[in-house]
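Below: the structure, in structure tokens.
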Amino acid sequence: MINLFKYSAPSTFYPLAGKLIPMFWTLAAVLGAIGLYISFFVAPTDAQQGQGYRIIFIHVPASWMSMFIYCIMAFWSLLGLTFNTRLSGMMTSALAPTGALFAFLSLWTGALWGKPMWGAWWVWDARLTSELILFFLYIGFIALQAAIDDPRRADRAGALLSLVGVVNVPIIYFSVKWWNTLHQGASVSLTKSPSMASTMLWGMLIMALSFWAYTIAVALMRARTIMLEREANTEWVHHLPEVKGAA
Amino acid sequence: MPVLSAYFAALHRDLLLVMRRKTEVLTALFFFVIVTTLLPLGIGPEPDLLRKIAPGAMWIAALLATLLGLQRLFAADYADGTLEQMVLSPEPLSVLVAGKITAHWLVCGLPLVLLAPVIGLQFDLPTDAIGILMLTLLIGTPLLSLLGAIGAALTLGARGSALLVSLLVLPLYIPTLIFGAGAVESYIAGLGAMGHFSLLGALLILAAAFAPWATTAALRISLE
Amino acid sequence: MQWQSISDFFAMGGYGLYVWGSFGVCAVTMIAEPLLVKHRRKQALKDIRNNYLL
Amino acid sequence: MHTPALVSRNLSCIRGKQTLFQGLDLQLGSGQWLYLQGENGAGKTSLLRILAGLTLPADGDVLWQGSPISKQRSQYHQNLLYIGHNAGLKEDLTLTENLQALCRMDGLQIKDADIREALTRMGLAKRQHLPARVLSAGQKRRGLLARALLRPAKLWILDEPFNALDVNAIADVQNLLKAHLTQAGMLVLTSHQTPDLGTDAHGFVLNLSGSH
Amino acid sequence: MPVLSAYFAALHRDLLLVMRRKTEVLTALFFFVIVTTLLPLGIGPEPDLLRKIAPGAMWIAALLATLLGLQRLFAADYADGTLEQMVLSPEPLSVLVAGKITAHWLVCGLPLVLLAPVIGLQFDLPTDAIGILMLTLLIGTPLLSLLGAIGAALTLGARGSALLVSLLVLPLYIPTLIFGAGAVESYIAGLGAMGHFSLLGALLILAAAFAPWATTAALRISLE
Amino acid sequence: MHTPALVSRNLSCIRGKQTLFQGLDLQLGSGQWLYLQGENGAGKTSLLRILAGLTLPADGDVLWQGSPISKQRSQYHQNLLYIGHNAGLKEDLTLTENLQALCRMDGLQIKDADIREALTRMGLAKRQHLPARVLSAGQKRRGLLARALLRPAKLWILDEPFNALDVNAIADVQNLLKAHLTQAGMLVLTSHQTPDLGTDAHGFVLNLSGSH
């Protein structure tokens, strides 16, 4: 706890993040390369879906990330509201766009997968619908923060919203499932393909890890930028080399 | 007992304001009616089609009607400084907020419940289905007011607009919508609606316990 | 090795449009995002130099 | 003199790029009043809002009876009357209804007779049943100040109370303030017209330097 | 030419205000999306049912999206005295009003037209039907802005409330809705949509000539 | 002295039950100013709004250059600058943007340089790029009055221009008004602080009796 507080001071966090970012970029790149290799050259052609199924290697990780990131945001928010550390707010708003991006990618890749598989870009399947709603929740969060100009207020409002959201996400997901089963589902729906070859699983996992690394790297970059914007009038910022450098 | 009297003060004041703007009492109602009337105009008059979508459509209309009321829930008080005075009141803010939420429901929620049967008949729903519909609305609309209040409080002072509130609140409304409309449909389908009701009730209890508190927190945030 | 030729690889057994549509958009967005952040960072630094440094 | 009831310890307020004030120490005992001076934008309103607990200071804290106000909100607000630039007048309600509602929400039960009397003292007898919408700028202000007659509060914080008031009204209000002080009340106010509250009460003048 | 520059001044100012509230550009859009998403949740996911009601539903959603924007069209300017200044401007008020209406369409109307195809695909409409839908929206949404402005102006000040605006405006919207949604449906039914288009166009021309003037008159009345 | 440009013939204004004023005759020539006095609610704002053509009098009419203003709106408004209690400041826009928009909507093309200079003269140089929302009460008022420097108008109608202004600002504004008068401008204003516009211009004082 103690050193959490220590590192949550922007002046200490900023350089630390600076060191971490390159590491995570390389990690993301390497894992991404392996993942792509597996997904295109190792993984065999699928029996029913031919080559089309290879979309799964980004679709599923993207879907997973989109959900994870929202939970992480909620976690930071809780931290922020309880201990009100400035860092947590910055992290939350740094994560949101990336989460929205992954939600979008899940929808996009899903749609592009659905067309050949189901002959429809979109079906009102439970999982699809709840992903769409999750996307809305991200947009709402970003919209709210953008609409408040005092950053401290924006943080706290955003934090509260993401907590309210995270309480609701399971309820929403559950209710959507219920809704879908009530109507015996759309004509097609995501069928757990019987035996997902272990190479497939590996591919998805490695891709997922690469996405993780990517998320952390981007979030840290954005968080540092936000720090610069918010702490612009503080001493430690003025003494940063990148500031003094070109000045 | 001052706490109670504070609650009723907030409630009474908001109702008084609505009464002053006489039309406002009816407008939530009319909006509900008009939207439900637009539907046949938009999608054509086949009776079975209409009967099929009636419950869902009416629920969505109710959702939007309460939504419109929400934007005014705190915005006006914020603009004229009343909210400040409420924060400065020795009485707990959450009590005053609860009063305002109640007022909102009495104005934007309850009338819809009472009017639902008429609309239901227009779509020629079976009478017992209409009973179910009213019941779901009766449990559901307070839920909408409670959840909506959080969104309204969060968007205060945010340069956001009417639309921002909807953006935040509508996703939260989805479970209510699903269980509300679902209840009627599954009843019509002969599956009974007990499950839906118990779920709606649970949500309502959850929200009643949780929402005023969250709203208060949101208000404090938006005001500081 | 399941690809006879490059063209075969890009054809993706007829699913080329969908597969590359997904991977392509994925790549583009995930490259664009960090670039946007970099740009925003540049702006922030510029603002500090111009308006805050004495 | 008594122990100071309202104390602030090195308050500072930062807005955007610039610091409005810093390391501000205040103390106010019963029967005393503090007059904030300063050019437009000096930070008077900001300071008042901090003292009232409406905004958080960038640094430092405000104490009431020795403990921070954030710890005893309700307790503090029991003793506080804050009237700012716009203080919650509902255009659609009459002055009577407005005052009634505001008092009730503070948990007070006020008789209509008292409200009528207060409004009469503010020279609004003829206007008590008009919707506030139609009242003149000064009449609205008077109506709001009538709250001071109805709500027993030890500490009054008034932001430019004389704004839009005519000479008679200003005189009335000044007498009101004097009375409050003689009853061991406390008062913090800003105004661009120097108030004359007599000499029997200790008045402090705080000059906020401003920043342009 | 001062008249034109006054027009663009009003237009530019409103757009600037929207840009300040960064998100507002998108919110009309997302409201549209969310409402259309609520539909299946309310009435169930059967594709044929959805395909059948899609055009009408999307039109109603568009209607409501523009509606929400309307409340802010004049209310804000009225509250902060801008409207007074506009009345006092030597330039004709109707020109300034026209500028504001244009701004409203650019923010609340145009985006919907551009997004319509995506929603159309979600409801799995045939592509050519989607084309028709876009076209109807392109002609229809300016019509909505023009008609809406009248209502917004009428409900100013004197107790004008969000709901009251909708109350006044929605009936005016009905013809637009009928022809707009009707066009798509009759096209899908293979009857062609030429008639509907010409009617929509006629309405648009009529409104463009008539609405700014009516709005101006309404404004003068509510300012008196 | 020149022929009066602004003339009012037995104006009367009735609000609800009571008559605020009746059979009011005014005339104002170039270089002259009219100072409206009266207690709160006497009817000053109402009169100003009638003179500006914002509300219609219950009786009588207002003439500009000999013909009723209702007949020549655009013509009259060309020569009129009216600044009331709240005069169209957009909280989300900066002062520069606000002034720019207001002038453009009046059909004027103003250079940013001029706006900057006007704001500087009102002591807002440092604030010109802040959203008006964050400005102090007085700064907002100053910003609005800066319009008087940008818009060439023969007749100024100002409702309590000194409200919320600090002493320096009041002095600045008074000089501004004097300058306007020496350039053969006309001025009608109300204020509860008697303005001092020197003696070289003919000032009339009209005392509205009020009604309570």
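For clarity, chains are labelled A, B, C, D, E and F in written order, and residue numbers in each chain start from 1.
Just so it is clear, a contact is a pair of C-beta atoms (placed from the backbone, for glycine too) under 8 Å apart; a residue touches a chain by one contact, two chains touch by 3 or more.
Here the structure is a predicted model, which is why all the values come from computation and not from measurement.
*Asks:* Going only through chains that touch each other, how many steps at minimum separate chain A from chain E?
*Replies:* Each step joins two touching chains, and the minimum needed here is 1.
*Asks:* Determine which two chains are connected by the greatest number of contacting C-beta pairs.
*Replies:* Ranked by C-beta contact count, first place goes to B-E.
*Asks:* Is the contact between copies chain D and chain F built from the same residues on both sides or from different ones, judged by whether over half of the numbers are shared?
*Replies:* Same: most residue numbers at the chain D-chain F interface appear in both copies.
*Asks:* Express in whole angstrom the distance between the two chain centres, defined as the mean CA positions of chain B and chain E.
*Replies:* A distance of 25 Å separates the two centres.
*Asks:* Just curious, how far off is chain F from chain D if you go by their C-alpha centres, in Å?
*Replies:* Whole-Å distance between the two chain centres: 30.
*Asks:* If you average the CA atoms of chain B and of chain F, how far apart do the two points sit, in angstrom?
*Replies:* It comes to 46 Å between the two C-alpha centres.
*Asks:* How big is the gap, in whole Å, between where the Cα atoms of chain C centre and where those of chain E centre?
*Replies:* 36
*Asks:* Considering chain C alone, which of its residues make contact with at least two other chains?
*Replies:* 51-52
*Asks:* What are the residues of chain B that contact at least two other chains?
*Replies:* Residues 20-21, 159-160, 164, 167, 170-171, 174, 178, 185, 224 of chain B touch two or more partner chains.
*Asks:* Please output the residue numbers of chain A that touch at least 2 other chains, ranges allowed.
*Replies:* Where chain A meets two or more other chains at a single residue, that happens at 133, 136, 139, 143-144, 147, 149, 176, 179, 182, 233.
*Asks:* Show which residues of chain D lie in contact with chain F when the two form their complex.
*Replies:* For chain D paired with chain F, touching residues are 15-16, 38-42, 45, 85, 123-127, 130, 134-139, 141-142, 160, 163-170, 192-193, 211-212.
*Asks:* Okay, in this complex, where on chain A does chain B touch?
*Replies:* Contact set of chain A toward chain B: 133, 136-137, 139-140, 143-144, 147-149, 153, 156-157, 160-161, 164-165, 167-168, 171-172, 174-176, 178-179, 182.
*Asks:* Taking the complex as given, what residues does chain C use to touch chain A?
*Replies:* Per the touch definition, chain C meets chain A at residues 1-3, 9, 12-15, 18-19, 21-23, 25-26, 29-30, 33-34, 37-38, 40-41, 44-45, 47-49, 51-53.
*Asks:* Note which residues of chain F are touching chain E in the complex, please.
*Replies:* 52-56, 74-75, 77-78, 80, 82, 84-93, 97, 101-102, 104-107, 109, 131
*Asks:* For chain E, which residues count as touching chain B in their complex?
*Replies:* Those residues of chain E that touch chain B are 20-21, 23-24, 27-28, 30-31, 34-35, 38-39, 41-44, 49, 52-53, 55-57, 59-60, 63-65, 68-69, 71-72, 79, 159, 161-164, 166-167, 170-171, 173-174, 177-178, 181, 185.
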